[in-house]
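There are structures below to look over.
Look for chain A in each of the two complexes below; its partner is chain B in the first and chain C in the second.
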Partner chain A sequence: MIFLDLPSIHISSLTLYSVLYLEGAMSAAASSSATPSAAQVLSLFRSLLRAAREFPDYNIREYTKRRTIDSFRHNATLSDPSQISTAFAHGKSQLAVVKRQAVVYSLYDSPLRSVMELQQVPF
Partner chain B sequence: MSIVFVFAFRPNFSILVTPNAHLQKDFGLDILDLEEIVTTLEEEFGFEIPNNEANKTNSIKLVVDHIVSHPQANIALD
Partner chain C sequence: MASLLQCSMPLVSLSNRALVPGTRISNPSSVSLSIKGRSFPSVTLQPRGRRFQLRCAAKPETVKKVCDIVKKQLALPDESAVTGESKFAALGADSLDTVEIVMGLEEEFGITVEEESAQSITTVQDAADMIDKLLETKA
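On to the complex of A and B.
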């Protein structure tokens, strides 16, 4: 018989995430003033993709990458400066969340790995 | 080999991948696609490409040359 040992970290991690998310949302609302340049937007995009690599869990890592790419694609059509500023500020807050959550997840990393992470032999 | 895999998963590539193929003009990639490719290359070969160097990699040949010439690039040559 297998007993699943579910540590309390799952609950505390979820709570931490929601707190950080709210904190990020508040900082985003506060700092959405200046319109970012194209270089700043691209820098944020790359920073998010790089930060996503730090997640030890394959599914979260790939989800973060996919979500980043989809969000930037979706917001690529924005033309209103205030909307661009708001989206940029939200992205910056999400970057902070990703960085902090990556640290939390690495502290409580599972030894189990996804089958997708197996090294494939080139054909 | 890995570079081929990076481009292989992009749909609608009817053009032949040649060394001089331009990423934006020939493949129709936009700036987000290029950033995605750069970060994928970083992950694949284990080194960081600075923002000022990323703009120089416009063609397949330039990408390959940049990786091969990089001292920290993790390349397994068969």
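On to the complex of A and C.
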């Protein structure tokens, strides 16, 4: 009822996002049943690092990389298959989020670059 | 042994020369011999290893660059010896570190390493060779 004042395109996009969210949750639940292999985990790790590169903003790019590495290092000690599966499913859903957000950020990319991206310090 | 002799086929001649009666061959690399009803252990013929191995060595500057990246990635001190023969595992790198090293090399050299190829990289020399190969194909 709240959406009635909004244009139809907003309603459809909101519906689409809710459907995508539900699909993601369902696929995560389905994939959490099988324990992933080491190769699959490394493949996910590589995919997340590759996806992080796509962010045009330096800070977000570096944050995503650091967050990925820290999370994988933190979960490297997991031994319970159900916990491993849950973490893997969460990682896959996060990969989808990163890919989506990278596209959004590239649409609103700022021409200004971070000083950290300069090859040599200008002073 | 008996089963090997039973399933093997007798050879009449080899290079126009008659073999000793009772000599049987089961496959080109295994020969069994029996003289006057007495059987002997089969002789297995193994191919000799290659004496010379050709290797396309990477440029020294590429190897040096890779060594520097590996040192930086694994937070090794500057005085630590990292050469082309150094294995990542020997330097204290785990599987995640290896992926990070490959990703760092991709960024540094502006290349994309396939997942199958990335799994075969175990030493600094392997990485340097692959980088040079990819840079050649890219050019």
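Note that the second predicted complex is superposed on the first by the 91 of 123 C-alpha atoms of A that agree within 3 Å, B and C clash if a C-alpha of one lies under 4 Å from a C-alpha of the other, contacts with A are read in each partner's own complex, and residues count from 1 in each chain.
Assume contacts are C-beta pairs under 8 Å (C-beta built on N, C-alpha and C of every residue); 3 or more make two chains touch, one makes a residue touch a chain.
Because the structure is a prediction, the values reported are computed rather than measured.
J.: Overlaying on chain A: chain B and chain C, fit or clash?
T.: clash
J.: In the overlay, answer first, second, both or neither for which of chain B and chain C A:Ser106 touches.
T.: Touch status of A:Ser106: no partner.
J.: Output check: A:Thr35 vs chain B and chain C. Expected answer is one of first, second, both, neither. What do you get?
T.: Neither partner.
J.: A:Ala76 contacts which: chain B (first), chain C (second), both, neither?
T.: both
J.: Need the overlap of the two footprints on chain A, from chain B and from chain C, as residue ranges.
T.: 38-39, 42-43, 45-46, 49-50, 53, 69, 72-73, 76
J.: Across the complex, what residues on chain A touch chain C?
T.: Result: residues 38-39, 42-43, 45-46, 49-50, 53, 69, 72-73, 76 of chain A touch chain C.
J.: In the complex formed with chain A, which residues of chain B make contact?
T.: Residues of chain B touching chain A: 1, 31-32, 35-36, 38-39, 42-43, 51.
J.: Once bound in the complex, which stretches of chain C touch chain A?
T.: Touching chain A: residues 94-96, 99-100, 102-103, 107, 115, 118-119 of chain C.
J.: Can you list the residues on chain A that touch chain B in the complex?
T.: Per the stated touch rule, the residues are 38-39, 42-43, 45-46, 49-50, 53, 69, 72-73, 76, 122.
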